[in-house]
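Each of the next two complexes has chain A plus one other chain: chain B in the first, chain C in the second.
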Partner chain A sequence: MSQSSYVYDENAETWPYFALTVLLVPLVPATVSYVASTVSRKQSDSDSPSQLEFKPYNSEALIKYKTKKSKNKVFNKKLLFIVIGWLLTAYVIFKIKTGTIIADPNAFDPYEIMGVAASATEKEIKSKYRKLSLVFHPDKLAKEMSEDDKADMETKFVRINKAYKALTDEVTRANYLKYGHPDGPQAVSHGIALPQILIEGKLSPVLVVVYVFVIGVLLPYYVGKWWSGVKSYTRQGLHVDTAATFLETLINYNPSVITKVDDVLEWISTAKEYELQHPDLLPEDIYSLLQAHINREPVKDELLKIEVIAVAPKLLMGLIDIASGFRHTEICTKAIETHRALVQAINPVNTTQQAILQLPNVERSKIDSSSPVHTLGKLFTLPKEKCAQFLGIDATSDTFKETLAVASRIPTLKVLSAEFKVPGETIIPPNSNSHISLKLLVKSPSNKGECALDESLLQDDLSMEHLRDPLKVMNEQPLLRNPTAPFFPEGEFQYENNGWVALLVLQRDNKLGEIPQKVTRLDTSNVNLSQEAYKDGRDAIVNSFKMTVLAPTPKEVGRYHFRLMLRSLVYYGVDVDIPLVMEVVDPPIEEVVEDNYGLEAPDEDSLAGAMAQLRGEKVKKVFDEEDDESDYDEDEDFSDINTDTEDEEE
Partner chain B sequence: MAEESFIKEEAAAKISVYTPIIYVVVMITALVVFSVVYRRRNVKHLQEMKPFFPENIPREIYFQLKYQEPKPNDKVLKAALIRRGSEAIRRMMKLRENQQHVKLLYERGSIGDELFLRHQFASKIQELELQELGLEAESYKQGWAPTFFAVCQEVTFNEALRRRVKAVDERKQVLSAEWGLVVESAEKKVEKKVTEAAT
Partner chain C sequence: MTYPISYDSTTKKVTLDDDVSASQYKDLQVELSQLNTLTSELVSNGGDVPPAPSKESYNKSLSAMTKKMHEAAVSSMKTQKFADAAKQFGLALEMASRRAKFESFQLTIPEVAVCLNGRCDANLMAGNFLDAYNDAEILTNIMPNVPDHFLRKGVAARNLGRLVDAKAEFERGLCFNESHPKLQAELQNIVVKIAEENGE
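Here is the complex of A and B:
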């Protein structure tokens, strides 16, 4: 065994490398993420809707909020860390560059000594050796050389000899390959990249204390903190306490009471997020701020109000998520309604003209509320003077033009076709994975009548690629543009909570049949088409929306009735409700070869049965209780009492 | 190196018999203290969990009546017990009905661990309540329990129906407040048509 000893890094040769590694490991990812987030923010900023001339009453506070937000985004602790980190890195690199590196005298690389390439052949090595020995051989040295120089030359020649042997001689070569040196094993030294004073000197207790502190205190503390942080937020980013209050609300929900937008606002005002963000505010204060926002009432601290409003979309999405777990249609739709009430700052109670009120420059007190104009489409049928009169805006002013321009750009949906589909099938067989395929025409509310579309646009691409991933068509469509919502603070949540929510409701019991899905990818370029171009339909783009249905189609053949609701999260008057029928049909029976052995069809739950089912053959049904609890079960329905007294057991 | 091992040997000679014993004792006490504290905190935490349901008033009324002096008539007590039973069954049904939803949400990660635990606790508590009710019913009359539960369920269904019937007026008020304009104008139109038809 070779003898080992520790070599301390007294000359500061190695520790800069160690320090460099320690610095770069967290620094590089942090920098990359910082740059990526800054770049994506820049992109989304440039993507924001055209700046309106219209300035809402809270515009100053909105601008203040936005600058505060973007400042926080750019100048935060992360930036400080990155700057200091890179400065340190630069210093360390400077240290390494200026520091002298003493090569290990024991290091042995025969190729380097010989001055040949590692790929050199034996012949080349031999010729090189001859050339070198002509220079370095003791007999060939010049006479006038000093003794020192001679000795130096001699050691060099010995090394060359060794290197030559290492490359040509069998034994030396084996030694070199095994131990890294032609003479056999060398003394092994273990280096510690720290000066000796830290380990064996007076500073060693300090090092031990630091070590114990880092491993025994800091590490568990941060891991514990991280873990409790992970545990205190749900996967949807909602605080667990907020999720708990939402769940309690749903469990104690009284089906005989109608849920109102005010109720939803009350629920979200109790959220833990608000308590953490504004510890001095009571839920009642939050509630009154939310109310003030939808009533467009100025409050003393506008900035605070905007901060409160900005959190609300996340809470509402969390509520929708939990309510959808309960398959609760009413609460889901109310939460969506509350969402757009907050985005457009409209109190939806006691009016049916929300679609008009969401336009800029339109005020509730000025419009003619007795007029039967409720939709944007109707607004565009009015002659210019009448329209201006109805809106209470001067017909010749720029604001009137702006209002109509915004109105004409609100994407409105026209459903061209809607059906259940099973990839690769023309019918809906029982027990298969289906999806809803929707063909949508996004149009401007100012465009009327039918759009003469090419039939081929309505057909689904039936190529293999699309059969494998039916959602591909949808995912290739561009993301929706930001909504025009002048009263609402701009932010990331706007990009996320935009568009429509698709809710699939069972007609039988009015409960959700699927987890709601967002419609966020639609090409809205059609809104810029003129009436003629729209009617012509040549430039019109048809969008697809596909909603995967997680539950397999029912086992029993029959007609199942659904309702697909597309509810807009941001605009009024662009909702769509579509009745859908799923017609489950047995696949056409193929000629089954009669098996001569008279074997029975295999049991459904046996391995043979599973195989047979995969091949599309008949299997013997095994009835067990669990199977009967399918989502589309018909027999659980008895009167409307069932919502809170469903179970007849006990 | 040699020096080091020499020091070690000397130190080994000095270690007394008590050292390992003290070591073990200290270790065990530390672990015991930790486990006791941990368990206590756990139990305390569980006790502090908020119940899902608001206060169970029929149950309170029953206990108040039962321990009242002078003791009320047996019929009064039985009626109160049936009320308590109907509330217990209502809660049980609610929990049963919601069980799969809560489980689904938990699996989806939409609710936290604690909430899921709370829900399971609530189910356990309701089960215990039903057991207690069975014993209580038996104490009034041997063999009453099966009929008792059937009666309680009837009461629960009846109450649910009543709640809905009673809510109709309230619903009307809420809806007309929400859709005030439509209801009014629609009613006026109908009225106008009716009077037109009449004349």
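Here is the complex of A and C:
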């Protein structure tokens, strides 16, 4: 009775479902990621601050680069895949909608035949059966019925009988439960969601070839490609060969040589990324392009230069990452300096006025380099005429206004408090997990003096939630706005490599004590405050920065000196250096709570006494003379035994 | 791995081959020059194997010469001839660092440091702040736990207009001696100066 057979999908009933599943599995994630990336790009485009009137010498190339990049972003293979994928999905769904599904005539559901609920009791089933037999029993049929109708009614009655049996008779019920049919095993059919001609007809070799190709060739190829791709880039997205050269540089580092920005540029110019991107360029060519950029010198192929510098931030971040593994402070700070030199297109050599040179419309040849103005703060103390004269810009022009507007919006940090903290403690105990808690006021360089802040703003939230996750406050702050960097191509770097890098340095040996951490979340709305509003301090926002210290606090009590450096990746003149002292002290011994109830100290040998001893409280001594005596007796016995054995041995 | 180097048995020196570009083997060249210096010192020493570096096997006449030169420099300092003093300290330093490389390093360092100290001070007084800064930089590297070295470095940096760097140096110096009065005073000064520079 049992027999199996393959049922091919000749009527195109099931393959659309199969196809739909295969289509949607890759399509839905692809679409979600595409939409998410497009939306986030739209958002960042809208708050780009680079809507300046100022046009740098390389503006044409920058625009070309941007359109090229955004074209690549919007119209790529992914979009093609998504469009075709959804079109196919629509077609498949249409197929499913129009097609009909023919139910298996042999399917057997006793409850449906009987017309009772699956939860019906035996009593209900019996009464239903009685009712049905009154209608369908061959003896009860009306005389005037045609033969055909009668036969039909009879088969129905047979089915009802079977169903009734399946639900009541034990053997039939067992058959039904085991094989799905009261008569025992039925013919089993396996559906294949493909028409027969593909498998058993002339086309079957083609299908085999397709299968072999997909499983034997395409799958290993793509998995292999993916794996080698994973292997050839580090977690930070740096090519392994580049990482290896950086590593070699650091291993061979000569401490008697001072690292300069030019050295860092030389290191990154040997990166594998450049070799892959521009196989025709030598490291020397890359180096000269990078140099030309920081010197703001036009080159023949501006677009190429921009493509080269756009890669540099990633390489520098990779270098910082590797150098921090060596706890190398100097290379880390130099890499950060190189980063901002590239972002602002400033050669930091032979000038102390980088902070002024980073402003739009300001040119190195035009400013008064003999003037003692080095900082943005000082710039704002100059009267308008003098300021214009110093910058070499006409005081009445719009460009002058723009320059000062940009300068006043450069976020400058004022440290309000900085300390090591251990959650839930007022002191720093030895061997505990600490973090650095900074309170920062982000202000405009045009604002001077002290800001009258409410004391409560400087206090940390001491709620349970805060103790559990001290970093929460920081992570709720908004991301920093994109920097004003008119010479640098806008791109991903602006969201990733913005802000400051926090380096914790041990004063003793000037080495890094922690992995550098980025400061990317700060509310910069204070830069728009007027001088009066700033002094008043009511609208000022205080920001928090928390740096987790992975290493536990020292085991020994004492004072440990650190230096927390906040180095800007994008702006000159906004670095902060904070000396920090970690004072490790032993936690105070908790005082014994005075007994308020006037209870006597518990006996030494009672349970309460044992507990009290564990807590270090007083207990009443119990002297038991009998115990002492018995101890003494035992000793006596032992000595007796000992002498006995010795005697025996002799 | 093979390197393009060859040994000349008459001069007893290892040199880089002529047919390779020197710029490609910068690190190798540094190591070769170190090796050659050590070889020539061993050769001129005469004996087979020099004694193990210790207080006893220490060239005392060189120490005396260095000390003499140092004293001359100090007297120049006293008569306010700072440029001369710097030169004399430089000579003393050169003598101290000419010491054969197989001699006790532990004893060489203080000698070098004393001479560098003097030269750094002379340069500061003479107004050669860049030279003074470089001297102080070496000092902080070879003896990083002396607060005075950071004071020198900080003062030089301040005079070079690098106020923020100077502040960091004073702070670092204070970590080795929190009650160093001069460092504390300098730190206070520099904080005021930085505020001024920022137009506060």
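Heads up, the rule we're going with is that the second predicted complex is superposed on the first by the 509 of 650 C-alpha atoms of A that agree within 3 Å, B and C clash if a C-alpha of one lies under 4 Å from a C-alpha of the other, contacts with A are read in each partner's own complex, and residues count from 1 in each chain.
Criterion: contacts are C-beta pairs under 8 Å (C-beta built on N, C-alpha and C of every residue); 3 or more make two chains touch, one makes a residue touch a chain.
Just so you know, these numbers come straight off a predicted model, no measurement behind them.
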For this session: Once the structures are superposed on A, label A:536 by its partner contacts, choosing first (chain B), second (chain C), both or neither.
Result: neither
For this session: Examine A:586 and indicate which partner it touches, taking first as chain B and second as chain C; both and neither are also allowed.
Result: neither
For this session: Return first, second, both or neither, reflecting whether A:375 touches chain B, chain C, both chains, or no partner chain.
Result: second
Problem set entry | Dominant toucher of chain A (residue count), chain B or chain C | B
Exercise. Looking at the overlay, what does A:254 touch: chain B (first), chain C (second), both, or neither?
Worked result: both
Problem set entry | First (chain B), second (chain C), both or neither touched by A:349 | first
For this session: Tell me which partner A:326 touches in the superposition: chain B (first), chain C (second), both or neither.
Result: first
For this session: Scan A:577 for contacts with chain B and chain C and give back first, second, both or neither.
Result: second
Exercise. Which partner does A:284 reach: the first (chain B), the second (chain C), both, or neither?
Worked result: neither
For this session: In the overlay, answer first, second, both or neither for which of chain B and chain C A:244 touches.
Result: first
Seminar exercise, completed: Residues on chain A touched by both chain B and chain C 252, 254-255, 352
Problem set entry | chain A to chain B touching residues, read off their complex | 231-232, 234-236, 238, 240, 243-244, 247-248, 250-252, 254-258, 260, 318, 321-322, 325-327, 348-352, 369, 640-641, 644-647, 649-650
For this session: Write out the stretch or stretches of chain C touching chain A in their complex.
Result: 27, 30, 141, 144-145, 161-162, 164, 167-168, 171-172, 174-176, 178, 197-200
Exercise. In their complex, what parts of chain A are in touch with chain C?
Worked result: 252, 254-255, 352, 374-375, 377-381, 445, 448-449, 507-510, 559, 561, 563, 575, 577, 579
For this session: Spell out the part of chain B that touches chain A in their complex, as residue ranges.
Result: 52-54, 89-90, 92-98, 101-102, 104-105, 108-115, 118, 130, 149, 153, 156-157, 160-161, 163-164, 166-167, 170-171, 174-175, 177-182
